[in-house]
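Letters A, B, C, D, E and F mark the chains as written, and numbering starts fresh at 1 in each.
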């Protein structure tokens, strides 16, 4: 579950982080309940504005309890969406990371297989609908 | 919820369908519990082998009860995956169709907003992880 | 086979073209054996360097006879590649244009259905291979 | 022709396969005339429903003779479509696999270069047509 | 510069907005110096958490002066990035919106043509590099 | 800044190049001011028509001074577009190559972070605009 690539920038080491970056690193570990800062965040930290913008959005949407709100979606559905986007875009880091998150939530091989099979299926029908420029069906009005 | 496009092939009208195509059209309506054949299927019918290949896969994965199996995912999660793939790929027909399917299953504006916000979020982090070629984190072994 | 969109720039009318642009417009019509300049080229003409760069590449690869060479691929295979890329990317203009080109070359509904079904199929397997980060099989050496 | 990645799930070994999975593994080897089960299929086998859905579609479209039908496309055109989709999506496993398949069918470096050059070309024109939102040309009616 | 599509949800009218949504609508108009709320924001408002997450990220990155910071990039470069992403993804709304923003900043047809020609060019080389799985060149160390 | 992949074709060694290929290799080194031929060009050289088509387009758009013209965009903006396309498409070779080019032009970590953060941001909003099929705003006429 690793790939032999080296990031184009030197990730910020946890012990080298100061100020706003150190604060966000601590918040990431606390919010996610993990004892290391994943590589993505250490790379984003080369530009603290970027780190804060991405973390603020992700914390609000993926850790609703940490910002005092209740999400209409449960944690497994949220991670399913993350994996499906990552499979569709072919993002190696992201596929590894969100598969690991689903595992932590108890997702079985059977469920993982179903998630990805359905993601694959709609990548097929998307190409077909676009490849023929199919017209949307007449749908009922919004209200 | 419509777009002014015309498919590149003439869709097969329900009343013009015969043989294998007519059978599949009937199965689509019965399996989905609808009284018309959506445009995508009428277009795919220009090549019956294609129609059967796509319908067989979709029926098995999206209508498990119709093939006598139980899916580890519920219907709303399956349609959520479909919408998320379609939003990521930017497929107009598919976004309309799967939003309508989620509505039929009772998805509120609030839940729809959360689904798409999370899909958007991971399209952002995917571009970041790829844009820096971030190395996957060391993960625990598979077993 | 049209979509209600308006380009973000005003296309250059044939009769308004002068100099290099007029020359390329004439070459497009002659090379393609058509009596009008398709919209894509009229839009690209807002920047003549761009028009020339794209036309030079396309003429060389898609109209080999016009540059005095023989291609290892026939015209139908070349247009098939064009349509498959366009379906995968979901490009409305391009799907319409390359479907029309295939029709002109005599492609039947049956063959068109097979082309797009296979394009759809591999959009499915691509998402699966990426969604699991499947390792390439051991392949024989290059020579 | 390999990449240092490890799939996110443990592929099913051929000798560990039983029941439906063993049957499909045998069919894959026989249909493709190879003496091993490629990694993609061993990974898909974590969920037998998924394995069957994907294999059924692929067998029907890519091995028409095995299901007793004649395809309007020859084997090289079918693999060309597969490679072009995989190059457009950037799928490492798939590019390796379909390049190998084309080699087996006798595709020369020259033809491979032409296939990918044309795939590259239309990825360029797709971005241009979308980047300007070019309107489709007026096309002749369908019949 | 419009397309005949209807959003899948009813956009929130400005005069119907209350609380957090009304505050953000006002901030969007003030920050962007416009007198209406663009459709994207009115649609995102169906879920206020989503509206706030996207606006917070966009305000910070695209309107640095409004959050009291200086960006290393000027406004035209920022909008160029936005247009290039949108052309690559084929997003109709976004292409229209970011072309209009570039126009407001004084971008000529000539510059627009150069931006999109280069975006097209690298969509071509990306497909080629992926289509051959080209190995990265040996690069100098990071420091 | 490397990835463990092996191209699907054997790159042409500089010392093995003859005729048109040798000429283009020399022009690439001279135009780019480097003392080696990057892997992409050595791979494209398996088909000289392809090599020439891609190099002609790239030289004209990315090295305007070498073809005696002035571009409306500066070199850093051109490479920024290249990186943003590559991040959006997830092209490993291209991300490495264009990050190195930006470094050579003096781009700081701070600016790189801002470029990719904005690229990420619009990948998010693109998925949202497509995921809701948002209608373009009414825009002022073209003239």
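One rule holds for everything that comes next: a contact is a pair of C-beta atoms (placed from the backbone, for glycine too) under 8 Å apart; a residue touches a chain by one contact, two chains touch by 3 or more.
Nothing here was measured: the structure is a model prediction, and the numbers come from that model.
S.K.: Listed by label, which chains are in contact with subunit E and with subunit F?
M.R.: Neighbours common to subunit E and subunit F are A, B, C, D.
S.K.: Farthest chain from subunit E, comparing Cα centres?
M.R.: Greatest centre separation from subunit E goes to chain D.
S.K.: Let me check something: if the centre of a chain is the mean of its CA atoms, which chain is farthest from subunit A?
M.R.: Farthest by centroid: C.
S.K.: Higher C-beta contact count, B-F or A-B?
M.R.: Counting C-beta pairs in contact, A-B comes out ahead.
S.K.: As a quick test, compute the distance in whole Å between the mean CA positions of subunit A and subunit E.
M.R.: Roughly 20 Å separates the two chain centres.
S.K.: Quick one: subunit A and subunit F, Cα centre-to-centre, how many Å?
M.R.: 27
S.K.: Give me the residue numbers in subunit A that touch at least two other chains, ranges are fine.
M.R.: Residues 1-9, 44, 49-50, 53-54, 57, 61, 84-86, 88-92, 95-96, 110, 114, 116-117, 119-121, 123-128, 130, 132-133, 142 of subunit A touch two or more partner chains.
S.K.: Using the touch rule from the top, collect the residues of subunit A that touch subunit F in their complex.
M.R.: 3-9, 44, 46-47, 49-50, 53-54, 57, 85, 89-91
S.K.: For subunit E, which residues count as touching subunit F in their complex?
M.R.: Answer in residue numbers: 1-3, 5-9, 36, 38-40, 43-44, 54, 57-58, 61-62, 71-73, 77-78, 80-82, 84-86, 88-89, 91-94, 96-98, 100, 108, 110-111, 114-115, 117-119, 121-126, 128-130, 132-140, 142.
S.K.: Where on subunit D does subunit B make contact in their complex?
M.R.: 9-10, 49-50, 52-54, 56-57, 60-61, 64, 69, 142-143
S.K.: State the interface residues of subunit F toward subunit B in the complex, per the touch definition above.
M.R.: Residue positions touching the partner: 1, 3, 83-84, 86-92, 95-96, 116-117, 119-121, 123-128, 130-133.
S.K.: Give every residue of subunit F touching subunit A within the complex, in rising order.
M.R.: Checking each residue of subunit F against subunit A gives 1-4, 90, 92, 95-96, 99, 109-110, 112-114, 116-117, 120-121, 124, 127.
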